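Heads up, there are several structures right after this.
Okay, so chain A shows up in both of these, paired with chain B first and chain C after.
Take a look at the complex of A and B:
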């Protein structure tokens, strides 16, 4: 006999919705066709709440909450769009653009980049913060793929897909804060690492940080939709 | 409308960019004729005026600020312009010219004028303006009234934005173009 389902009812943007206990606000919102912008979230991977794009307001709390890790609660009243949230989301995007060298026009992901499309959907036409222009490496040591740190936003999708789905855990993040850097194994060239060459990290990377060497210019669409499907097939076995 | 109605004084400026934005502007083709009923082109690399006029209504500024000359020009342009538009990614973000920023101008000049040269290797220093330490977008120097990202912004974007502005409407730029478009 299965346990009774624990249903929570809540309000998102004035709409009465319900979800199972343990579901996140983001999940329930999307099930109800309420869109919340995300960058580090990807269907099929664990949540880290790193990018803060999915911040929402919850009634009677002065704090903002990342909806990807916020569990639904009975009677919760959530707002996903407001001037305050727009201001924060735009500022978060500006911080991403100012932190490293995102030169969209010459990026391998131009036209297929989630950072670029997020900027557009949030109405960002310029970056008010001064650009840092750090000097960063490009690791082209791998036979098939390239890592360009200039485009990395440290979303850790690649770290998670490699550890959780491929089971190899080649990628990780070195250092902290502004010095954080994606590394293969114990900071080795990607081509000399324990990489299994599966390419999942390239497909889930939202920007041009990880790309396929055979792709040139902006001809690099990515297909992260394979993940929920792969998980579903594995669970079915 | 009578013939005496004064036209909008439009200027276009080319700083550190590739002129691609100007090419895209020209790509409006016959629609330029339609728009030109409403403006006079008072300064532009496309025409022959040497001096930036005293009073310009709308200026489209292409390119980033990369040299002391760009910096001097943009200050003068701002002073004599009512509505300044940062046109294209170089003006808006620094774009390709700003790719030298992580290395600095000395390294770039060394590479271009000494390392890759076989005859008379020397860094130009006469009659050319000194490079700034960093290439920066226009709004880091002067107030910008509108941002038109894109590399380049499409002819359709130019047409919609200029038609809206001339009709005193505010165009929804984010719906028309984006960084790298």
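Take a look at the complex of A and C:
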């Protein structure tokens, strides 16, 4: 006999749903075709709860919770879409757009960018905040890939995929606050770093921050879906 | 170590004290040390030796911890063990005064140096600071002489862990780091959490601008914190502790390091403490200067050797903390309150303070105030009494404007609310918070918009950068506040600022971001007219902002007097 499965029933946006104990609200919502926007989350990577796009309301709590790390509980009542949440998500997107330099028309990821599609899905029409436009470098030292700090949203997907899946831990974050910056090794040019050239980070990057040199203009779709499959196969071994 | 042995040590120390005719206590905590009180102590020791060879009277010169009144340093307190209640406090003593001070022993005090601070000391109720300034912080026996480690022995030999937690719960003690979470409840959660290994962490990463309570406790009475942690470890079932101190507190680190060794040597840390099966030891971890590492999950990450960044809670550290084990994290001052509660009982502690905020709170009184220094007051004391009574009011005939509590997470409280009795709830009601205990008094030379800008800059540079609202939101808010200060902002900018405050407060990952807008919100609540003057008239009434103070013809009378 197999171990009993602990099932939790909860309500998401008025729909009765169920999930296994240990599952997150985001997972259960997506299983039930309830969409919650995300940026730092990626199936197959650990969760950091950093982008705040997936915040949801939970009944009887004044606080908002990131659904990517919020575990399902019996009787929970979750709201994933409200005017308040919409306003917060839009403002967060504005903060992302204004933080560095996100001019879609000249970006390699135009049309394949998760920040861009999040803005579209959240109905963001304009940015009220002044663009900060900091002077940031482009690291083209790698023979195959390019890192454009101006497009980076510090979601740390690349950091996690390199450390957790590839096992190389080339990427990390330097400095803090608004000065935070993605670095290879101990702040070496990417081309001189211990990079294994596997390209996973490029595939999981949601924006045009990491891109393939061989791709032209906006012709740069990314395929991050390999991760859950890779994890599953590895665990099966 | 048994309680009899403790008493024996206490008696020995006491006998030694009684053997000397005079005691000269010199503060060698950081405030006075910055005025070379260590050299003063050496000079006093040398002079005392000369004098005693002449008069035959024995004089003991002791370096002690903080006496509280840091601005008046170096402080020297002279007493005679034979006459316990006669003591003289000298302020601003320098090496040139040494001969005079020693010569006056047994006679008339040196009037010129005497500090008249009855007002400062009465009204205070010292529990956490009871030994500060009275013992040599590097001598464990002097701590024992004043009742130290009796509480630990009592807990280990007479009480079950459950009974200890019950005492702490009943005492009404709440977290002194700022949040005010009931300490007993936290302990009870950790004790119930499942895990083979549990940890106790002392949070000494005090980083609020203008706050130095924890530093003072660590420097002046380190054994008290060790004893508090050991009692906590016994109560929750932990065998390993960490004290996380910022590296910017070198004296606190040095004293804590030697104090841990002394405690181990006395058998009060290590295996089989006091002949029981209880084992507990403490390690020091140094913070590398990041304010965010005062946040518990970031602090844990830092101890683990990772980048000091918070993670979403739940799970709370009580369930899954250091290396995923159940972990109790309390602030320095919280642990310092524990030994007296266990020693004197929960009822005694609960009799002090207000209904929901029990006991005392140490505040670091700074800014435009006559008596700068540390004060410990019972909860429920009105702010006015702290500032104008104990603190001696605003110097130089200036007018009081506001008091800032709670550091960058807190807010500014104007004059009309000064009569409110101090408690966790009352301060939150006023749009501020207790925080760790910084209290910055501001007079009419401070511009409240500029104050808000200062704290926003602090939050911006101290944001860890993990979540976007805090990382980019504080930077945007800082930019908007700068625009207001420069007299270049519009009403739309102010609306945007208010909106960002709301977003950052509600969407940030950790307490740093959630409370970063508080200084703006509270100054907007009480001093919105100052924002308006900057925006509408490019006028800064305090004359500190770049927009200037040119007189405004079209200011209405109401606006001017506001």
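Going forward, the second predicted complex is superposed on the first by the 235 of 237 C-alpha atoms of A that agree within 3 Å, B and C clash if a C-alpha of one lies under 4 Å from a C-alpha of the other, contacts with A are read in each partner's own complex, and residues count from 1 in each chain.
Following the convention adopted for this analysis, contacts are C-beta pairs under 8 Å (C-beta built on N, C-alpha and C of every residue); 3 or more make two chains touch, one makes a residue touch a chain.
Keep in mind that this is a model prediction, so the values were computed, not measured.
Looking at the shared chain after the overlay, A:69 reaches chain C, while chain B stays out of its contact range.
Judged by the touch definition given at the top, the superposed model places A:120 against chain B, while chain C stays out of reach. Once chain A of one complex is fitted onto chain A of the other, the partner contacts of A:51 are limited to chain C, with no touch recorded for chain B.
Once the two complexes are overlaid on the shared chain, A:106 sits against chain B while remaining clear of chain C.
Touch criterion met: A:130 reaches chain B and chain C at once. Contacts of A:91 after superposition: chain C is touched, whereas chain B is not reached.
Shared interface residues of chain A (contacting chain B in one complex, chain C in the other): 128, 130.
Every residue of chain C that touches chain A in the complex is listed here, in rising order: 290, 292, 307, 311-312, 314, 460-469, 471-476, 479, 496, 499-500, 503, 506-509. Interface residues of chain B, counted against chain A in their complex, comprise 86, 89, 92-96, 98-99, 101-103, 134, 136-137, 139-140, 144, 147-149, 151, 173-174, 178-180. Against chain C, the residues of chain A that register as touching in their complex are 48-52, 55, 64-66, 69, 71, 87-88, 91-92, 95-96, 98-99, 128-130, 132, 153-154, 172-173, 175-180.
Looking at the complex, you find that chain A touches chain B at residues 97, 101-107, 110-111, 113, 116-117, 119-120, 123-128, 130-131, 133-136.
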